[in-house]
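Letters are used for the chains, namely A, B, C and D, taken in the order the chains are written, and counting of residues starts over at 1 for each.
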């Protein structure tokens, strides 16, 4: 998949009871930057008032030095938003912060609801207004309209009405709440540092702020932190676990532990399994950076074929890079990757990538490796063919754009120009991830959606908010 | 008053049926820049969808060249927001644009409601959320919850519940609505250019886009423009006219016609009346730029004392100017004004300003003129003492900060260090403005509030949204 | 002339022996901002090393808060550069700071040399390199190559070789030098504050930093400040005084005193003289802001015709303002000026401007005033026809672009569409400025260049450095 | 060495005879971004005039989209400058572009001269001025003063006077010159694309613009390209080759071929040799990213110990990242690296880095790995102890700051807290690089400077230009 940025989603963090809560949130967002580069925001509470800062861009650019000064208090939540093509508005920057019947509240959301359109239609019909195109605004309305006495009861009330993927951190003036959807689709972990409680999408955020990992928030669990108390409850009917396998395959950072496993280790296992399922006689295993690296190691170890990082990544590519001219040949992939010719020349190369989405980039990479002198180029993908879009928070293209939805592996092989192509089997993928001991959502590979998507409405919404 | 930026408010514009609607709105906002420098925004409609652009800062900085390209359609509304000290958030940038039960709508508001707090409390109690601290959001909720079949009926429904000052331009996908509060507190004019209908806070905006002035929107009038129709109605019980006298005294541009009179002409009349009421033997009339200029001319003509613009303004002061050091003497006023010493030296000077708010700046100016060698400095103010805050849209300081609320003119004279001080009388002010043929709100001078303010709630809101 | 920015030049400042030298330079540059808006720079000396800061744009934008911290020392010089169309390079930002045989030196220059091209050719022929297109670099080379033992002797050596207009402030590690060309073309004044010596282009800079005016630096005088000593010498053969009359007519701020007179007062006199020479039966005198204001007052007083500032200037025009569309009618002048219609309608108007350069803007203004309902529009210009370019530091267009170089007043009147047009006579201009008691360069009006310009080379240079 | 940015230098590029010369230079600079991130610049020639653009920051930020439009012509040179701490001035942005006796010229320089101070003193004594603190300005002066008839003869004249490291691209209006110092210290390669001749510091720049590698510019060779001719000459007495071994060890990109070898391959060889010289019983080889990766692979292959990329790099670190608070523990290394705990825990780890400069970062990394649960941490360095500063263009700290200059390996091991520490031997390093078939400068490891440095003057210069 390499640089096709189709699978971004979001990162969230929450900090309770730390004198530098906003600073910790800031650092955690920095560690979660890979989950979203479009915008970043933090809301803190000083016990009486909430304070918000945020902006478009990377965490390091959005927040000036004196973050703490403008975001006082011992409690904070933060959010990184994924990158979309155009139409980005400041109004979409999370966490959302509003005032409502009980005071103020703020909310940061990773995931996507399948019935947001339906609820939104209803809310609008009864007089609600919406300022963003975010699902998250639906949740806020439901909380505000729950009319229960307490913030946390309202949250339960609201979330009982929504279906889909969510890892949420919410707060009002004095309480921090972390919730994970009953299917466990999106990850959320819990940690501790200096007596403060911390929630984050991945453990790499805990590492950066030197917090120790306590445990995962369980599917369907709501953790409420207030004063000395940390209360756990399961207010929603918990279904079978359907954690997102794509987090393990591609999205999470390899140094994170989520869903009970280390991401790097599982990716190694994907690679080993792939080597067993789809061996090839070759001289060199070359990972497509960066996401293909761990499974490439697994493939190399299992196959005995030596690995070389023979595609060098240019670290200075920013999102603002514009190809300077149409007259010059397309530089797309070369701006980001360059082969080590002497390592590749004359070799039979096994390229390992984590997935193929549209095939455009993979095709260029195969050509680049062949142009560098490879005798043969064999493509091995450490996941099954991606045939279906995600409706729970991973920003995939439409079914039509997914090359594997309408092409056989052999057709794809020809399109890529590879000498051979093999995907990891569905069963092999699950076996390699079995250490997690949980069930996975594999809808993007098999179309089995654990929560039925609202197809029609989704299309309407897209028309409505282009 | 000079540079004490206490009296800013907002500017609004609406354009219907012009191929470059957004560009006209942009130019009109530029002409209305004096009404608000904090932020600017435009929403256009292409007939099916609304599109928004906006940002913090001046109109010229907020909108890039290709405004039209990103704001398509033949209809647009725009808003300039006043400058407040700190706490400025992008979420407050108007026009507000939301989706609701009937589709999309946008709203730009100049003014302030007195019962916004009460309504907001009620709305929140029944489940509404608020993202900004603006009164305007209250109006939007009321429209969304009106649940009538048509947009314009909803607007009527909503506005029947609010009290206070407002000049509004609203639109949905295909209809432009302009409304003025029943007291006529805030100005709103109507014009025409190339077959397009235009609304704006002042006629100077019409001038810039070469539109001809049609008429004022009347107090309590709602004008609905759709297709070929321009419908006028008066859906609210119209009270006596209480147009804001401060618009004439200070706020509007002298080249504008509002409330049926030319602003420059009325200011001349204020000055003439002031000369009759408070003559002084002197050699030179010197206006405090820029707002004191027209009344200074009136004073000069009536008194026969020659006028010289002997205080020169530095046009390059930006809002970002920081005095570089505490060790250097306070440069505050000198950064903005410098006296022409040779014009002033040895002269008995009459300084004309439009108002005195806190007295801080006036004191520095009196000292500056005296230091430049004036034999005597007589201060003449072309309005009565400002003793009360405004609750209808002019951003005044609290009563405590208004020097005239707790000090007699003689005490103020001593504070300023002037040889004499005289204000225009209340009766004289009204007589000078009599040509308008309407009633005025003079609450800031006499505390007679035509619409009872909600004092308590206002304070709470300020605590809540610092 | 209004907004045709053809006559900008530069502003300079020097401060010796003040604990906040750089801050004073900063404030003085701010007061001199009208002399150049393209770039600004300051060099300070801490006694051993020179330090430089500078950038493109206005003084308030170029220098961050902590100016003093990065520009230590008790000595500083500063420079504002004029605005040119495009091709602006950071390499041209003055003061220039270099190291040379005796250590470091810095130089800020207002003016233009007529033999810079000749000297430059010679210097290059003998191996010198030039990094900018500035005349100033020539002076620096001459100083560096003088090879005398002392900095000040080298300055004399260098300046003896150059001809043309210059007001210079120079410094090395411990000495501040101010020099004015022998013809006295460009202004330079001297002041004192808190024991510190200050030099500046105009006295308005002294006012802002609360410095008292000591005297002007005389034509051909070099003032050297070092330790307790202030040494004056006249190292060049002083010719007759040829101070730039255009400084009085247009360029200097009205609150400044230069060439021994107050600028505002002389402009009043120009207006009075113009009224005597070119009377007209009219109802209203209207100045073209801002430069036409003082002479309009003079005209009004002498003629008895009342004055009204009936053209209102929009203060928010920045240099970045782009007219948004070619489809909308040309908004050029209306973006900057708007007439007060009710003040003008039906009146016979006398428009007063300080000069007419290309006539483009004047024509639009005449039309604007007529469109506002003026019964008659009479144009009166408070200087003679501008027929020749300047070669001593005022950035004029070429002869071909000057409307008066090829058109008679009657032809210009027809071009402007005015009912009558009259210029101040050459003799009248000199008589009005006679209070200065010095001679003036009036080359732009009569082509009598006191220092012969190098026409050919100038053209070459322009080709060379577009 | 990891993130201690002590060894940056510069990158250069030259393009002759391409319709999009500036665009190719732009892309090549992008590929060479790792050689310098402080500033970037390009000068093009349209055959008659040179044009320059440049600024502080990364290539992608410095150049807007329309590079080609502002940099016309078929010839261009470009430069990336290294990152220094503070004191960065726009005046140092290369290429330098000047006018001189024969017209215009521009120059981009990678390297450092040892006698620049001496020459500069002489030049200044005879009247030259210097605007930057760059050695490069010395070369320009020498060319300008050579006074020969032709540009290229002057270049020879000038370069015969300088000693030290340089890879230069120069041009005047119609000729492109590339020169490498007689010791071959700095790399420079030559390529071809679409009939255009290209020079660049490394072949990775050729790859990006799809140019084919022609050959290296030889030590002491001057290549002159003009019209159809490509002339090669050796105008300086060529000494033995002393190419910079540090380019191979650390500086160049692994996908580049310089000095006749592929960088990645040589680094593999360094690692293999290190494994032979300093074996250790361990479970896991972990490279310190990114520079330690290729030698870590070599070590792993030779030792048979499996490699894992168990230190994950955060790609979103910008140079602007500020640690938010002193109250929070030092996050220095954690912001950039995070260990994969499960890969490390309980393992005996061999950390491979390319060098140790001050030891600060290495110490933090050792601690990080140990904290992640490593049973043992063995440090292996793929170069000898760095004991001496470089005077030929690599920006090293002073001798005092180099930990190996005053500490034995055992002392360093204790400082790092490693269980063992071993460096590659000097002989082993040379043997591993022997495939290049050339001699190397190894002064930073042994103090044998092939060109005697000017120690005294260097210190003075630093005092002079802090």
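The rule we apply is simple: contacts are C-beta pairs under 8 Å (C-beta built on N, C-alpha and C of every residue); 3 or more make two chains touch, one makes a residue touch a chain.
This is a predicted model, so every value here is computed, not measured.
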Path length in steps (a step moves to a chain that is touched) from chain A to chain C: 2
CA centroid of chain A to CA centroid of chain B, Å: 47
Centroid distance [mean C-alpha coordinates] between chain C and chain B, Å: 37
Euclidean distance of C-alpha centroids - chain B vs chain D, Å: 60
Residues within chain B bordering two or more other chains: none
Interchain contacts, given as pairs of chains that touch: A-B, A-D, B-C, C-D
Of chain B, residues touching chain A in the complex: 49, 52, 89-91, 96-101, 124-131, 140-141, 144-147, 464-466
Touch list for chain D against partner chain A, complex: 19-20, 23-24, 26-27, 30-31, 33-34, 37, 58-61, 65, 67-68, 204, 207-210, 253-255, 257, 262, 264-265, 290, 293-294, 297, 301, 306-310, 312, 314-318, 320-322, 324-325, 327-329, 331, 334-335, 338-343
